[in-house]
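All chains are identified by letter, namely A, B, C and D, in their written order; residue positions are counted from 1 within each chain.
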């Protein structure tokens, strides 16, 4: 047995996926040498500040695994994969409209795995479900800083990168992100920007600044996202500040700007604004580039701008919740989506940027130029400062 | 003594703090038409429900016996009784014949026997089977429902039939008719009827014996004549028929009578009722036992109290002469109507008049019961 | 009484009926409109209904909603009927406590119900899914069923059961032979109410749903949010037609059985 | 019934002798269910409202009143006030529209059932579907506006969607049947000879209505008001979908605390402040109902 397989098993053990006895038994059964075993056990007792507790988040899945094993689906194929149970199911929880329609059927056809696919509309909605610890999801797609939050709560399962044969396809720019150093948990899924979508046929001049949301001539024809990070963030950027600012004075200024624009806004609305852009009820909307592209597919007059003051850049990532019952399949799906042709399909359908270097999507809304890239900033978790943000957001909404 | 089919021995029934029945005892004989009479809330329905088994006596609350067996805890369906409810309680979802057959089915009567028995019961209450058997209760008149309810009870050939104000919802004419029929059925079938009513006239007409209830107790038990003619308490006297009351203190005895001095005048009462010197005495006199006469023409040996005629009321068979007596009391005197057109009554409003009665016609009542 | 309400009252009434029905009617009409965005009538089509068949999330959602609706209705109807029987036919201490308990679900705002249940599930580590949704629906439906059945029981002559018992039926026989047939319309309308509320619930369900448990309202909500094509009109029309039919059927069923002989 | 009692009879007998046990046996399944899955969650939530917030959601042990104190800042009180005003106005509008309808149905003779059915029908239709219908009608390019423009009444569509008007219209649309049905049932019970009595005593129509009909239908009015007020107080979907999320209500505030703000204790505290308002409303209802029952007794 090579050290790598043992490592993997050890990782499982640490993550609470195996109890101590089956870990040791299985190690011995694999024919590990006494020294390796001793070394591992030593590492184990030394390094396990996180000795797995059955009641911990991983407890429930332990049962799941036991069940799966009990069904006799487990095959000892000798290459170390057997530490993960083999099932024929996979549950994906993704943003709505965030995958190409035929990706899942294709994956099902190729692998024989039955996929349950559910969607959500906000990170918070998804997090609430994960915090329950037993949502039953195998793959979720949090936005960058949410990965940090989930990891901090010990809700994620560490990636087994060696199972991801297409890992090399990823563009180095999206690897080792600040929100998840060394991609311990996450595989980049899509990336995009939060800018301004507009109706080229309705506006006098293409908007190039967040200041457009202060422009009285577009009163009642504009919307911003229904999301505190995006709205307050845009006004922080407008004043040349970081969209992760926790400075009270800066936030107060953002609040004043937001309140000024609120009088002109039609609504705070996120993805649903697409239909109204198409119908012309809304002319100018704070929106993601990809959703803008989806709307553009319905109406050619829709265009996209990145404000000159800067905007948000984000990466959404595939992660596996610690409570996932079908980790092996989740990894298989991750790997599947890293194939260039699949990544291309997804990027084409959603209109978002692919982190896949070998993908070749058509991009009706161009990727940001290098110059634009410099203006973009990535959202980080606010930690304790979230309270201040929430207070300010409530004040904006109550104003 | 005849066979007792129902017997109550010092039975008590309490609902929470409310004592519905207090220590009542009586027995009902086989074939008897026994009425329980009283105003609403007196405990008469509770008494019937104790017999039926819907209620059970309190722990240590005496005994209820049916055919000699103590049945305190037996459930209604273990008692082999039949009952006609005030609301009839016909099953609205079942046809007339299915309503009547219900009890037979419950008691395991052979299937083949049932149609005949149903027909027989319908005949008994004079319901036309061809016409009514398939109808639903909603399609019947009040009187017809009443007959179905009766048939449903009688079809079981019960030894005891409980009737809870069964005629209350009928109009006067129908009620009279049914009273007669019930009495006839009672005689012909030999079934014991236990009849609850608040209608004193109905009770007097139909019953062999009546238990008058008041405030959870039996105020008096007896034949209709005993109850009417010798009421034991002011309550019974007031509740059954009309009565005039005279009261005072016993002041002296002379022969068979005690002399009683009241605020409105003195009168004699029979001595046998345990009146003692100085005791408060109250007597009841039925209007028809009173006479009205000129104050100076009172027949010898009769009690008389003088007053003024307040009004004369025409009732058909009789006339009521209302006489105001001293002490702001008005008594009613019933006078036979001998024809107001041919032989009009001499009395009119404002005349001085005395009411008079024979001492033996007044009933000395027990005190302490309003 | 023959007095007609004054004309201005009738005008308000007419306006209210238009207000209640025009939106639904428009929705139905435009589910057959060819145009994808416009409110102009461009021609008749069944295209949006065909689209529904292609969308297995809608079909799955419908199946789940029916499954959750039926099971939660069955449970809450049984529980609620038993509670109503206890309240209507039995004397017991603690009645006011039970009555207060039954009030709680009726007066608690949905959002509080949904969130507090989610907290409970988090604490218990109870997996979110069709079971957790069904439990939630049973919890908020019991009270409504109890109230409806209780009202019917109160309108029902209690001496019917006594009559059955004195005719020889024991409690269980009397219950099945007399009480249930009488109570049936009440139970049915309680069940109808429960099913509709379960079938329609979005707020509470959205908090307690998990993988593979997106019911129809949740799918519809996502579609309403996106608001892009008339498929939503089509699915609304279907829901509308189904509820109308159910309503008419239950109305028929309950009207055939009079409450009492009077 | 010869021989010893059967098991069935013995069981029935056992229960019969213990009426309280019988009642509790009937109550147990539903009652326990309610306690475990309705009351317990509320109690836990109440407990949470006194705990410290967890950084990533959830709670941490501790006891504090700060979340209640926090709620009584002008910011949140404004939101609370706005919510109450909106719920009360929804209730009043529903009353103003619903009473004439209930009154007319109660006197509609043979059309009664049909009219009633037409009120109930939308009530049995999905709330979301009805909300969507409102959006469909009220959008800038929605049906109402396109008809208005076509008729030449306005040049450009009127803004209806994403205004307080839209929220109110949605709430009234959603809850109107809750108002109509209880008023109808109390009016239907009204003894019509009372009106004749009032008439013969010389009361003109207006007086007959205000002195006889209205007081006697008060239980229905109060019950209907309660049934509208409570869900209106807790509503948050309408303000999101029809109000464009511009006007935050207590319902939105609560939802926000459990999702993006990750402040569960504060969300719990806000929930219980709202519950206090609900309890007050129910208290008023019970007083009116009891007074009415006392009068009837």
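What we mean here is this: a residue touches a chain if its C-beta (ideal position, glycine included) is under 8 Å from a C-beta of that chain, and two chains touch if they have at least 3 such contacts.
Quick caveat: nothing in here was measured; it's all calculated off a predicted structure.
Enquirer: Can you name the chain that lies farthest from subunit D, using the mean of each chain's Cα atoms as its centre?
Expert: Comparing chain centres, B lies farthest from subunit D.
Enquirer: Using mean C-alpha positions as chain centres, tell me how far subunit C is from subunit D in Å, no decimals.
Expert: 15
Enquirer: Distance between subunit A and subunit B based on Cα centroids, please, to the nearest Å.
Expert: Whole-Å distance between the two chain centres: 88.
Enquirer: Would you mind pulling out the distance in Å between where the CA atoms of subunit B average out and where those of subunit C do?
Expert: 54
Enquirer: CA centre of subunit A versus CA centre of subunit C: separation in Å?
Expert: 37
Enquirer: Multi-chain contacts in subunit C: which residues touch at least two other chains?
Expert: 38, 91, 118, 122, 170, 225, 227
Enquirer: Two or more other chains in contact with one residue: find those residues in subunit A.
Expert: Where subunit A meets two or more other chains at a single residue, that happens at 128, 131, 276, 279.
Enquirer: I need the residues of subunit D touching at least two other chains; which ones are they?
Expert: Residues 12, 16, 58, 141, 258 of subunit D touch two or more partner chains.
Enquirer: Judged by the touch rule stated earlier, which pairs of chains are there in contact?
Expert: Chains touch in the following pairs: A-C, A-D, B-C, B-D, C-D.
Enquirer: How about subunit A: which of its residues touch subunit D in the complex?
Expert: 122, 124-125, 127-128, 131, 149, 152-153, 220, 223, 226-228, 262, 265-269, 276, 279-281, 383-384, 386-387, 390-391, 393-395, 397-398
Enquirer: If you look only at subunit C, which of its residues touch subunit D in the complex?
Expert: Within the complex, subunit C touches subunit D at residues 1, 3-6, 9-10, 12-13, 15-17, 19-24, 26-27, 30, 38-40, 76, 78-80, 82-83, 85-86, 90-93, 98, 101-105, 107-113, 115-120, 122-123, 135-136, 138-140, 142-143, 146, 170-172, 196, 199-200, 202-203, 217, 220-221, 224-225, 227, 232-233, 236, 239-240, 243-244, 246-247, 251.
Enquirer: Residue numbers of subunit C touching subunit A in their complex, please.
Expert: 36-38, 57, 118, 121-122, 125-129, 207, 210-212, 214, 222, 225-228
Enquirer: Can you name the residues of subunit C that touch subunit B in the complex?
Expert: For this pair, the touching residues of subunit C are 91, 157, 159-160, 162-170, 173, 177-178, 181-182, 257-262.
Enquirer: Help me check something: in the complex, which residues belonging to subunit B touch subunit C?
Expert: Interface residues on the subunit B side: 15, 52-54, 75-77, 79, 81-83, 85-93, 102-103, 106-107, 136-138, 140, 145, 152, 156, 162.
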